[in-house]
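Should a chain be cited, it is by its letter among A, B, C, D, E and F, assigned in written order, with residues numbered from 1 in that chain.
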Amino acid sequence: MRPSGRAPDQMRAITMEAGFTRHAEGSCLVSFGETRVLCTASVETNLPPWLRGKGKGWVTAEYGMLPRATHTRGRREAASGKQSGRTQEIQRLIGRSLRAVVDLEALGERQITLDCDVIQADGGTRTASISGAWVALRLAVDGLIEKQLLAADPIRDKVAAVSCGIHDGTPVLDLDYVEDSSAGSDGNFVLTGRGQIVEAQVSAEGDVFDEEGLLRLLRLARIGCGEIFAAQDRATGR
Amino acid sequence: MRPSGRAPDQMRAITMEAGFTRHAEGSCLVSFGETRVLCTASVETNLPPWLRGKGKGWVTAEYGMLPRATHTRGRREAASGKQSGRTQEIQRLIGRSLRAVVDLEALGERQITLDCDVIQADGGTRTASISGAWVALRLAVDGLIEKQLLAADPIRDKVAAVSCGIHDGTPVLDLDYVEDSSAGSDGNFVLTGRGQIVEAQVSAEGDVFDEEGLLRLLRLARIGCGEIFAAQDRATGR
Amino acid sequence: MRPSGRAPDQMRAITMEAGFTRHAEGSCLVSFGETRVLCTASVETNLPPWLRGKGKGWVTAEYGMLPRATHTRGRREAASGKQSGRTQEIQRLIGRSLRAVVDLEALGERQITLDCDVIQADGGTRTASISGAWVALRLAVDGLIEKQLLAADPIRDKVAAVSCGIHDGTPVLDLDYVEDSSAGSDGNFVLTGRGQIVEAQVSAEGDVFDEEGLLRLLRLARIGCGEIFAAQDRATGR
Amino acid sequence: MRPSGRAPDQMRAITMEAGFTRHAEGSCLVSFGETRVLCTASVETNLPPWLRGKGKGWVTAEYGMLPRATHTRGRREAASGKQSGRTQEIQRLIGRSLRAVVDLEALGERQITLDCDVIQADGGTRTASISGAWVALRLAVDGLIEKQLLAADPIRDKVAAVSCGIHDGTPVLDLDYVEDSSAGSDGNFVLTGRGQIVEAQVSAEGDVFDEEGLLRLLRLARIGCGEIFAAQDRATGR
Amino acid sequence: MRPSGRAPDQMRAITMEAGFTRHAEGSCLVSFGETRVLCTASVETNLPPWLRGKGKGWVTAEYGMLPRATHTRGRREAASGKQSGRTQEIQRLIGRSLRAVVDLEALGERQITLDCDVIQADGGTRTASISGAWVALRLAVDGLIEKQLLAADPIRDKVAAVSCGIHDGTPVLDLDYVEDSSAGSDGNFVLTGRGQIVEAQVSAEGDVFDEEGLLRLLRLARIGCGEIFAAQDRATGR
Amino acid sequence: MRPSGRAPDQMRAITMEAGFTRHAEGSCLVSFGETRVLCTASVETNLPPWLRGKGKGWVTAEYGMLPRATHTRGRREAASGKQSGRTQEIQRLIGRSLRAVVDLEALGERQITLDCDVIQADGGTRTASISGAWVALRLAVDGLIEKQLLAADPIRDKVAAVSCGIHDGTPVLDLDYVEDSSAGSDGNFVLTGRGQIVEAQVSAEGDVFDEEGLLRLLRLARIGCGEIFAAQDRATGR
């Protein structure tokens, strides 16, 4: 029995509230159970210097956690003067995952920045961020299409992410904070709507694992991402 | 006629959603119209070194703005590596305002940190922060009282804040972003539930002003704070 | 009786030594009693990027305190790697106060930076800075006029600042360090030569206050600024 | 045909020069072809505060790249004032990988820091770092055992890492810089001497992939790590 | 003929105003011609951690330049967030020079910090700093002796510094800014009252030099330091 | 007898391995006994802004020390976020020393950066850096000449550096770490192949010194640099 009482292949409740804020070109408040992340997409025509004049765009991400999103208050990164290694690792992963489904040439000379800010944390903040950021991105691109600023849709597919881990010997899906803290190994999978893998990352946290474990986790991830894709469809009205 | 169409002494709609997040000892999502700020109160027994062993506590605040809370995306302070002068000025004001109504001896050797994070900005983020932070503080202290950790209630009074300014020659209450940008002078007033002044701060932004102007703005602030106090009572169930 | 032995409406001795340093386009060593601040005005034609090509100039300020200006040595901000919230708050106030009396269009595409460095501190460093910075600015602009670089005088009025506070129940003018440390509430007023208010800022430091208190402090500030304006006239030979 | 002319499952030449520097408790200059990394192990009894008095130790890592280790000179991180996200991601991976084979209780209240500094880069610097750091760690622990400072050997197994990727549709082992730049997807595998997985991480870089791809890469990694384990045995005289 | 019109072995006018500020335990405003530096000595009993409990003290220095001490405004180091290499090199030299004449055991467990802040710069700021800092140090130590806090005088000798350089083929003493900018090589000498060398540092700036040049510069330095020692005696009333 | 057992005028064994790394335009691993420094020269056509369009180039240097180059591990400067004063002082000295023998006009609009990274430290790292950096520079310029990118050789002479100090009353050459720690005074001399002085810098570390001491140290430095010049010739095949 996993601590959350869920079945091994059972996701937490997923909600995605599109348009949660009004200034961003796209926004989504995503919840995976008690984990809540506000994702916004900002469209700018001011590209980073190394990309200017190449006829293509860029998609990037930043990640942050409100100081009291967690059980005990963490130090505000703006006050400590630098982003932690964890923060940087996560925002690099989010950007990479979304770029995997975007045709940067079709996007034209634009940069879209996905800001993923964790309002409340209960495990899986990076996977919720990727999944919600896709909705914000989709809405922002829809806006560009509506304004006839794009000749073709640069988004090639959906993308979603979910964590999996081996808890007490059992592979389980979508770990919450308590499960994550006690998992022998855990990882994150990023999948496309067509079922292909964008990123697979599994780490031993105490217990090493083997091929079979890796494949079982991937199979769970497919189940979870299926549910997330459905939630994305509802949120974007598709 | 002010840009918002409101009467000169008319506040925007105020909502205060207590308990918006679950980990903090107290939390409140406050809205002044389209301005939305998440305020959390974190109770820690680990005092700053200069206050240890003096038999009293401390109340402090931090302020932040999500990068896309504003019309155009601002740089994330954690990424730029420092908090702006504006951020620091605001968080100092929030802390000072709340300490004005707290008996630090009665609080005992505890620090309460109020984190005010702007989810969406449309003028008045600092006054909404102060007003909402009081609710978060109240809830956190209620929790300490419930657990019988405090002999007496350290909160002596309510505190609320509102902006006022002279727009097109007319003193108006609770400026939104458009009004604030075009006001000749504007300021912020922090008042206690008993009607006393904790902080009065008015700056000329183009147009200088005089005694009468200052008093008229203060009178408007009293009207606005009256509404905020009522909202605080509703949010804290008093 | 106030600690300094002065009457409630009595300023400390004010001296303003114009031309204290020779490289700056304008300079002034201002003393309010034992508080001494060196103010210099630097004229540059290199505007900040956001102001270029708009046909107008900018006036800004920076503030610093020598490490041993105070009773006990403070950490050098250059060594700690960042300016404190207090420093930033003060330099923003100085810049805002001076811009209130400058016609930025008439200044042309120039930036004037006022550096206010506290040589010795005994309360009121920000008000001495504003008052002395005006002299440095006046001298720098006189130089531009002399060189026929300006068609019209961009300075519309004098500006001066003074602190006031309620000490032991008595409103008093121009607090020194000891008075400031024990005042129930205190504030700073920035006034123009014509008597209008540029900035009014009063904070409760323990004791809240009311309308009457606010007005009494403002009346004291008018007395103090009158003396400062006279000193400014003497220093600039008007 | 892969750019390097190697067979798909062919590693580059591996050399490990133990004792390359003399001050460190353990050191190893590891080469994977033209990639050369100096790994040193430093034993300190001064634990990080959060670990003191818990009867166990810690193993951590830092990673750096000499400015001209690469084809074009990169900015020195000490000069830019911060470590890049990539650097932090890599050093977290190295630390995690080594901790997976160390019994921290058996290590006692000691911290061992593995510094991995890239002298010359040609792809695979993080996998060479992990593989070489293990040798430095082994030597440092051997020294502690020799001095009878440890009751039991805290190292439970060997650990090695290698990169794999899909280049032009073909899964290949141990990518050099040219291969890495043009791979459709690539990843890193960290394996123990007993063949278990410590970390599996594969990212699509343009081309998404599937289960079969993931498994094929893992099979290549097993081949590569076998060779690395042999080199580790030779370097540590086992 | 040197640009300043001075004879090759002629110092600029030296003035040393002891007690320029009142909070510091010792202070001195030193002028070498138009170069003016405020030196203060702060006595603290709070030693740096690495020196505690060793029965001896420490003397250290910090150096700064007001932004408009120079012909064109320089960036404030507190605003740029770091001290330049030049600043750090100078403050290390000042500390080393003063420690050369202090018996740190006799000083007891105290730290004396010399802050040297350049009010106006016209060449030779580091040598004026060393020379003036000695006066501030002497006054601070006199105060400790007066209060019977020291059993013996820890200052063993005077110390002074002056710059010399080869200008247009002629060795000259005490270079001002114009001379310094056009010197073929220049250096700084730090001498004790008894004529011994604490520091000799000469750099080629375009023209290399030889033994004879080095000795001639040293001979000039002896002349200059003689005058500085006399000024130090006058300033400290010896 | 000096601690190393060497004669007073005896250098440690000098080795210079040209071409130690392959990406840099020039590289050299220099050893002075157990001190080992990797020097690389990087040629870039991207000049710093203040030098563009002036028809000349620039030579600059950066210096670093691997964390465990020393007896006990030092903090990584990239992790602490800033370069120490010592690091900055050394890299300024290296750059100045090399520019003394380079005709910057003849170099054309190019910047050559010498990176000197200490692999192992045993005293004299800055002098080994200068000596080895010259070899890297020479090789990089030879490459430019070979590619017919330079009309004339911009290197006018060799340059070498060595430390000297007074140990136990005896002037000795090329101090190792133990000797350096216990020397009464020590310094560094930078000389050209023709025997002229580029930099002479001697500091008292406990014991002051006099003219004779200074000259004796310089005479030792001539002996040491003679050996280094020979090693440079061998390394560059001259």
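Everything that follows uses one rule, which is that a residue touches a chain if its C-beta (ideal position, glycine included) is under 8 Å from a C-beta of that chain, and two chains touch if they have at least 3 such contacts.
To keep track of the chains, here are their UniProt names: A, B, C, D, E, F = Ribonuclease PH.
Remember, it's a predicted structure, so these values are computed and weren't measured experimentally.
Contacts with subunit E and subunit F are shared by no chain at all.
Centroid distances from subunit A, each centroid being the mean of CA atoms, peak for E.
With centres defined as mean CA coordinates, subunit D is found 28 Å away from subunit A.
Rounded to whole angstrom units, the spacing between the C-alpha centres of subunit C and subunit F is 50. Taking each chain's centre as the average of its CA atoms, subunit D and subunit F sit 33 Å apart. Each of residues 81-83 in subunit C touches at least two other chains. Under the stated contact rule, the graph of chain-to-chain touches is a ring, a single cycle where every chain has exactly two partners.
In the cyclic arrangement of chains, the order starting from subunit A and heading towards subunit D is A, D, F, E, C, B.
For subunit C in complex with subunit B, the residues that touch the partner chain are 82-86, 88-89, 91-92, 96, 100, 187, 192, 195-204, 208-211, 213-215, 218. Residue ranges on subunit B touching subunit A, taken from their complex, read 21-24, 27, 34, 38, 40, 42, 44, 62, 64, 66-73, 76-79, 81-83, 87, 113, 115, 117, 119-121.
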